[in-house]
Structure formats: C-alpha cells, structure tokens
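In what follows, structures are represented as structure tokens.
Common to both upcoming complexes is chain A, partnered first by chain B, then by chain C.
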Partner chain A sequence: MTQFLQALLSGLLLGGFYGVMVLGFSVLWGVMGIINLAHGDFLMTGAYLAWLMFRTFNLDPFISLVLILPLMFVVGYALQKILLNRLIERPRLATLLVTFGLSISLANLHKILYTADPRNVPVAYNGSIELWGISVPIVKAIVFFIALGMMSLLHLLLQRTRLGKAIRAAAQNKNAAKIVGIDIDRVYAITAGICIALTAGAGAAISPTQAIFPFMGQPFTLKAFTITVLGGLGRIPGALLGGMVLGITEVMVATYVPGIGTNFGVALSLILLVVILIVRPQGLSSGLRPMNEDRS
Partner chain B sequence: MKLHKNSKKQTEKKSFLKKWGGLILWILLLGFLALYPYTKVSGIQLFSATQVFMLVTLASNWNLIGGMTGYIDFGHTVFFGVGAYMMGILVTQAPLAFAPRLSFWQALPIAGLVALLLAVSLGWVTLRLKGSYFSIAMLGTFAATREIVRILRPLTGGGAGLDLPPVLNRLGEYYFMLAVMAIVVSSIWWIRRSDFGLSLLAIREDEIGAEMRGINTTLHKLVALAIAAFFTGITGAFWAWQNTYIDPDVVFLESRTVEMVMTSMLGGLGTVWGPPLGAVVLYSIQNIVWSNLLNYHLLALGILLIFLVLFMPEGILGKLGDRSSISAIRLIQRWQKRR
Partner chain C sequence: MKNPLLEGRQISKSFQGLAAVKQVNLTVFTGEMMGLIGPNGSGKTTLFDCLCCLQPVDRGKIFFKGRNVTQARPNQLARMGLARTFQRIRIYRQMTVLENMLISRQWRGETLLDIFKSSHRQTKIRAKELLEFLLLSHLDREYAGNLSGGQQRLLEIGMALMPDPEIILLDEATSGINPTLINTIKERILILNQQQGKTFLIIEHNINFISDLCSRVCVLHQGEKLAEGTPDEIKTNKAVIEAYFGR
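Now for the complex of A and B:
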C-alpha cells in the first residue's frame, strides 16, 4: 500500500511538471498551428541557463527563473518575428522541417558550447521529507507548486485580460481578428514569447532533479505531443490532466513492471499516443482549434 | 480546382528527351559505375562510393514517403535500425530453438520484411490521419525503438551491441549497394510515372480532393511507406554486415535521418533525380568543407535545412530545371502566392 501511495505521489508530482512543460507546445500549436519540434530543446536551453547561473553566480535555480523567463520571452519574440512568421501561411511540411532543423541546431550548438558531458545542479535542499511513511522529494514538490502557479497565471492571462482575448481570437479566426483591429503579428510574437519562456522556465525548474545534457530535449517533445493530443490544444486543465495521466502511468510502470526501469518513458508515451489515435482519431478534446485541421 | 488551370499544359505531349532523357543518363551512369572498379581504384575509393550509393538509396526511399506523398518522416532511421538488428540477431544468434544461424543472403529478405511489417503496423494507425501525427509518431517510434533495443539485452546485446563475423570484401559490397541503388531509383522513376505515383502526388497536393476523386488515400500512403521501409531495412541489414558491429547508438543515429531529409531537400523534394544529385552534393560538401570541422557538422546541417526551406524550397533541380516539369514546383508556387 505504501509503495502504491509512494508511486502515486511521484506520478502526481511528475504529472504537474508535465502539465507546465507541455503548455508552451500546446499553446503555440493551438494559436498559430505550429508544431514546434524544437520544444524539448528550448527546455534544454532553460536548464542549461539555470546551470550556468548556478555555476557562475551560485544562484538558486528557482531564483534565476526570474531572469530566465524574461530573457527567453525576448528570444521567443525575436524567433517569431524572424523565423516562425514566415511559416504561418505555409503548409505543415515547411513548419515541421524548419522546427526540426532548429531542434538539431540548438542541440548541437549546446554540445559545442558545453560539451556532451551531463551536468547537474546540486542544490542544498535536494533531499526528501517523511510524511506518514511516504517520502516527499522537496525539489519536486516545489516544482509542482511552481507549475500550478504558472498554469493559473497563464489561465488568468488567457481568460481575463484583453491580451488573452486577442490571443484566443487570433487562434479562432485569424482574418476576423484582423478585421476587428487586432495587430496579429504582435499577438503572435507575444504568444511565441510566452510559450518559449514557459518552456525554458520548466527546464530551469527541473534542472536540480535531473542530469542536463544537449540531447535531453527530444523525449520531452514527444511527451508534449502525446499530452497535447490527450488534453487538447492550448487547454490548460487538459494539459494538467494529460500530464497527470502520463506521469502516473510512467511511474506505475517503472514501479510494478520488473526489468524496465525509468527509461521507458518515450516508448510508453508513444504507446499511449497510438492507443488514443486508434480509439479516438480526432483527439480527445479540441481546445483552441480543431486538432485534425489540415492547412496544406 | 487549381489542377485544372494547368491541364492544357499537362496534356501536351512531352518531347522525347524530356520523357526519357533522365532515364538514359541514369542507365549510362550505372553502366559507368559498373565498370568503375576495373579502373585503378583503391579500396577507400570503393568504400566512399558505396557510402554515396547508400545515401542515395536511403534518401530516395525517404523521398518516396516524405517528398512525393508529403508525409514527412522524421524517424525513417528506425527501419534502417530494425533491418540492421534483424541481420545482427539472425546471423550471430539463434533466437528460436529450431532455427539455425542464417547466412547473409538468408537474413537479408527477412530483415527487409520485418521493417516492412513494422511500417505497415505503424502506418495503419498513423497514416489514417491527416496532419502531423505521422511525423511525430515516427519520431517517437525512433526514440522508443532505441530504448526497447537497449532493454532487450538477451536478444540484442543491449548497450554492448553485437559483433558480426567480419567479411571484408569491398568489391562485393560495392556491387551489392550499386544494385540496390539501381533497383530503388529505377523503381521510383517508374512509380513517379505510374498511376500509383500520380495518386501519391495528388495526396500531397490536395488530400481531400484526391479522396474525392476516388483514391484510397490511406492505402496509397501505406504502400508508399511499406516500399520505402522495405528497402531501407535491406540497406540497414547490409550496413550491419559491412560495419561488422552494431549497438543502439551507432545504428539509431539521428544524423542519419537528418542526412536523408537534407539530401532530398537539397536535390529537390519529390523529384526522381533529386536525391542522387543531392547525395553527391552533400557528400562532397561534407568531405571537402566540413571534414576539418567535425564538431560543427550537425549544427551546420540544421542551419542549412532551415535556410533551404525558407529560401530554396525547390532544391537544386528546381532552381536549374524547367520549372513546370517538376511537380513540387507547383506546390511551392502556391506557398509563395499565399505569402
């Protein structure tokens, strides 16, 4: 029983992290229709930034989040203005190829900058506390609450502000949004900025809990895709729910199926994706735009 | 319908040279390559030529599903890897009690067929959908298969890999790969002109329209992927034999997928002669320019891919050739009009 509860807790904590990790991917897809294959690599960039600040200034990763978020917002804004804007009207083929190229470039750029050696951020409080016989890892719990906070903030931004209204309008119908006077390029650039910042922030947040290396990104891209299909495009509760499903399944399999260990995550999310596609080919919920929309 | 605007041009009879010129040049080139080992060449030169043939074969296969059908496959290396591992397992181990160890020629078709089966079972799920599911599912399959191969230690040797019996025969390897390349490129030339190939192009340009004209799109996509996977599996099996050592990291190499994509893009997406041309150009660039900067190789490839898509999506053939004769051009012109 204790083992089960322990696994459930680990799954929940992991799921919360997945929920915030997926937001950038999901909103970018929902608003602009861009499937960002470089998603995991932006997460890796965030983790490396946190490591860099920890090493040079001895800055705690959760404090350096305050610096990383605005920095990566600017990066995302510029990326949209320079690169992604050229892709919006093109078929998915071009988008996929460019983001794939971006992914490879980013991963190998980091390999050149920091070598392929795995790095870690050993924070002082990287232990766990006992609660009713279950050990709660402190860092992962902090990540979980930060994730919930970020999700609530994004939810408020999208639902309660004029900017959020503009973003949702741009997602629903671009031309109609233009007609009512929304500066679509600016809205897109801000959205991309938010998405990239969130992704890098998620990377920075988990930097104390796992090894950081240049090619760590790809599994996250794949998991993000599965979770988005599970939870709907740009739907924040859906992202959280999908993240929980994947997180708990992953931990349960690692706990109860012998001989597999924790490195089975990608295969598991792939199996989950295939099952969803067989059962409900149109995706579970639509969110900001219909999932099966074909732009080419 | 956009297709009807050009219908007059299409029904005009193409000149003899336009229709057969490429094939004649190709046969001449094959003839020359078949005689090439009789000139004074070193083993290294034969080996490099074999590598180029392999790149042409892989890229042509990728081009069939990625270029002609328009379903970008980011995990095509998985078929290569499955072929390589089937060869490794069948040659070095006796996985079933009653089955003896096989020889190269016995294992080769099995490796191809297993890759084909994997493609069919995957495609059956992911190719029914439009959109990008296929691309991501293939990327996932690639990463997942690498994990699974690591976990199945008794069969695949896990991270330690498998050693195949070393048989060094550069000349035999050269002719084998030349034959595979000749078969693959010639079949793609034939496919491109057949009803089947035209249906694939129709799927790429307007999938809903193609479906309405009575094309069974799912079946067509599935067959295209199956053909591509079969020959990729064969190539992978051959590579395992040639390399005499396989482990998950050298077989499931992401840069192999990148090279397939790049070769097709560089030569001309969806064209028959694009991948052979692109392979020669890419191989030359890699050997002349980047051989000193090995670290920057993939970074440069990634940046080059972005620039190609943005500024030269029609590839070298599209830039050089008669624009109307290359089908991909119409698609690209449509992109440009929209911008």
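Now for the complex of A and C:
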C-alpha cells in the first residue's frame, strides 16, 4: 500500500509539472494553430538560464524565475513578430518545418555555447521529508506548487482580463476579432511571449531535478503532444488532467513493471497517444478541436 | 447634401484570376441607409470585405471619413468607427453573451497595463444597455453558442454597436431568421438610424427589408455595378429584373 501511495504521490507531482510544461505548447496551438516543435528546446533554454544564474550569481533557480519569465516573454514576443507571424497563414507543414529547424538551431546553439556535458543545479534543499511513511521530495513539491500557481495565474489572465478575452476571441474567430478593433498581431505576440515564458519557466523550475543538456528538449515536445491530445487545446484544466494522467501512468509503470525504469517515459507517452487516438480521438475532455471555430 | 462617409473608388478584386469585383464605385453618405443587393455570387460580400480592409483590393481606393484607408488594417478601421457583421454569424460561441459584448470594446487607445485589467464599469453598463435594447438582457450569462440563430444575429449586431461606430455594414442580417425577429431587427435598425444617426450599408436578399429601410440601393451583378437608385427605381429597372430573373 505504501508503495502504491508513494507512486501515486510521485505521479501527481510529476503530473503537476507536466501540466504547466504543456501550457505553452497547447495555448500556442489552440490560439494560433502553430504546432511548436521547438517547445522542448525553450524548456531547455529556461533550464540553462537557471543553471547560468545559479553558477554566476548563486541565484536559486526558483528565485531566478523572476528574471527568466520576463526575459523569455520578450524572446517569445520578438519570435512571434519576426518569425511565427509569417507562418500563421501558411500551410501547417511550413510551421512544422520552421519550428523543427528552430528546435535544431536552439539545441546546437546551446551545444556550441555550453558543450554537450550534462549540467546540474545542486540546490541545498534537494532532499525529501517523510510524511506518514511516504517520502515527499522537497524540490518536486515546490515545482508542483509553482506549477499550480502558474496555471492559476494564466487561468485568471485568460478569464478575467481584457487581454485574456482578446486572446480567446482571436482563438475562436480571427476575423471577427479584427473587425471589433482587436489588434491581432499584438495579441498573437503577447500570447507567444506568455507561452515561451511559461515553457522556459517550467524548464527553470525542473533544473534542480534533472541533468541539463542541449538535446533534453525533444522528449518534452513529444510528451506535450500526448498531454495536449489528452487534455485539449489551450484548456488549462485539460492540461492539468492530461499531465496527471501521463505523470501517474509513467510512475506506476516504472514502479510495477519490472526492469522498465523511468526511461520508458517517452515511449509510454507515445503508446498512450496512439491508444487515446484509437479509443477516444476527441481526447479525454472532448477538447481536441481547435479553440477557433472559423479561421477564415 | 450630406458628406460621404465611406467611399469605394474603382474597387477591383480577383481570386486566382476570377474577378469577384470589377471597378465598382460606391459612396455611402453620413446618416443614410443604403442597400446592396445582387444575385448570389455577384460580389457583395467581397466588396464588403474590401471596404472594411479584410481583403486587400487589387485596384482602387477606399476612403473613410475623407481619409484614404486603402492600406489600413481592419482593427484600425474599427477604431475609426466602422463596424460590420458577417453573412455567416461570427460570434464567440464558447463565451457568454456579456463577454461577447465586452470583447467588442477592447483595445481602444489602451496601454499595455490597461489590457491586464478587467473591463471598465462603463463598458459593462453600455453592454447591458445594448443587450436590453436588443431584447437579449435576460440571456447575458448564457453561452453564445446556445442562442437561437436569430438571437445570435442580434448579438452580432450588438457586438458591432459596442464601439459606438459611425457606420455599420450588415451582411444578410435576416438570413435564416423568423419573420417576428426580422421585424425586431428592422425596428432596432430604424431607431439606431433615426435617433442615433448611425449610417448603415446593408447587404440583403429580402427586398422588402431593403425597401422598408433604405433610401438608396446599389445592385451588383457578376462583380459589376448594374444600377443605383431608390428602391422603387430599382424594382422597375429592366437590367435588374433581367439579372435576377433572366430574359
């Protein structure tokens, strides 16, 4: 029983991280129709930034979020204005090719800058505490609560603010949004900024828990696909649900299937993706349709 | 004589070699209600798209309030006071009726900080007043996708009215709507024109609707302007009758 509860807790903590990790991917796809194959590489960039700040200024990775989030917002904003904006009206294949190229460029740029050696952020509190016989990893618990905080803030932004309403309007009907005075280019740029910042923030948050290397991003992109299929496009509760399902499944399989270990995660996420697409193609929350109903 | 409010000069637009609009001149004067009619495929909606800059024109110029806006973006025209509805209703079905109204008031001279705030109280009051005017106030918390076709059409008109535009381009506002609701829409348009001085350019297949509202009618046929005149003149125009019913 303890083993099961331990696995469940680990799965929940991992799922919470997956929930925030996927948001940038899911919202960018839902609002602009861009499938960002460089998603994991922005996560990797965030992890490297946290490592750099830790190494240079001895800055705690969670505190460095205060700098990383605005910095990566600017990067995302500029990326949208310079590159992604030119892709929105193009066939989806063009988007895939360009973001795939961006992924390769980012990974290799980091390899040139920092070599392929794995880096880590050894924070002093990277241990665990015992609660009713269950071991609670401190860093993963912090990541989990930061993830919930980020998701709640994004939810509030989308539901309560004028910007959020404009983002949702642009996602549902681009032309109707234009004609009521919404500056679509600006909305898209801010959305991209938020998505890239969230993704890099997720990368910075997990930097103390895993090795950081230039090619660490792609498994996260693949997992983001699975979670988006599970939870729906641009839906925050769906992202959390999808993240939980994948996180718990991964940990349960690693715990109860002998000889598998945690490295089976990517393969498992793809198996889950195929199973979901066969059994329930609309996703778990019937959300696997674009947020927009009419792109014309 | 009133001033021209919206003017298209020699507007031409083609899609992959197929001319949808050919050198059309159209002027809408301040405070008037003008009809735009024509058989299916005559280029009415394309002309609308060009006039509100959703489609760039191949040739010709567009003037709004005396300014050349040919190269303007749709959101810039919207901020200058031009609103429109669409043939296929374009509302935000996954938002509430009130949210749909509030959206239509966004981004008007706001700073980056403003957009992170919730809607102004005054905007909410205006939205509620307009919903009451359009007989939709009891549905303000309902998801827009759950409304009937006619109610959705009224909501779309309400959204167009939210920024307090000077001219509203209505694209087949009565399509698929029951006669009672058509009369409601007609009444509301008349009030908006006569009491608030709003200018309308209306695409419509319902000739009675056009005759009851509009003082001038422009007829398009195969992308070209076929005739222009009062509704009575248009009804007896041989070329128009021929275009609609054949020889």
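Criterion: the second predicted complex is superposed on the first by the 281 of 296 C-alpha atoms of A that agree within 3 Å, B and C clash if a C-alpha of one lies under 4 Å from a C-alpha of the other, contacts with A are read in each partner's own complex, and residues count from 1 in each chain.
We adopt the following convention: a residue touches a chain if its C-beta (ideal position, glycine included) is under 8 Å from a C-beta of that chain, and two chains touch if they have at least 3 such contacts.
Just so it is clear, the structure is predicted and the values come from calculations on it, not from any experiment.
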{"item": "Touched partner set for A:Arg86, first chain B, second chain C, both or neither", "value": "first"}
{"item": "Which of chain B and chain C A:Thr2 touches, first, second, both or neither", "value": "neither"}
{"item": "Broader residue contact with chain A after superposition on the shared chain, chain B or chain C", "value": "B"}
{"item": "Partner chain in contact with A:Val180 - chain B first, chain C second, else both or neither", "value": "second"}
{"item": "Which superposed partner A:Thr56 touches (first chain B, second chain C, both, neither)", "value": "neither"}
{"item": "Where chain A meets both chain C and chain B, residue numbers", "value": "291, 293-294"}
{"item": "Contact footprint of chain A on chain C as seen in their complex", "value": "52, 54, 73-75, 78-79, 83-84, 86, 88, 90-95, 99, 102-108, 110, 114-119, 159-160, 162-163"}
{"item": "Residues on chain A engaged by chain B in the complex (per definition of touch)", "value": "35, 37, 83, 86, 89-94, 96-98, 100-109, 111-112, 218-219, 221-222, 225-226, 229, 259-261, 263-264, 266-267, 269-270, 273-274, 277-278, 281, 291-294, 296"}
{"item": "Of chain B, residues touching chain A in the complex", "value": "70, 72, 74, 125-126, 128-133, 135-137, 139-141, 143-144, 147-148, 150-151, 204, 207-208, 254, 258, 261, 265, 295-296, 298-299, 301-306, 309-310, 313, 331, 335, 338-339"}
{"item": "In the complex, chain A residues that touch chain C", "value": "157, 160-163, 165-166, 168-169, 172-173, 175-184, 186, 190, 291, 293-294"}
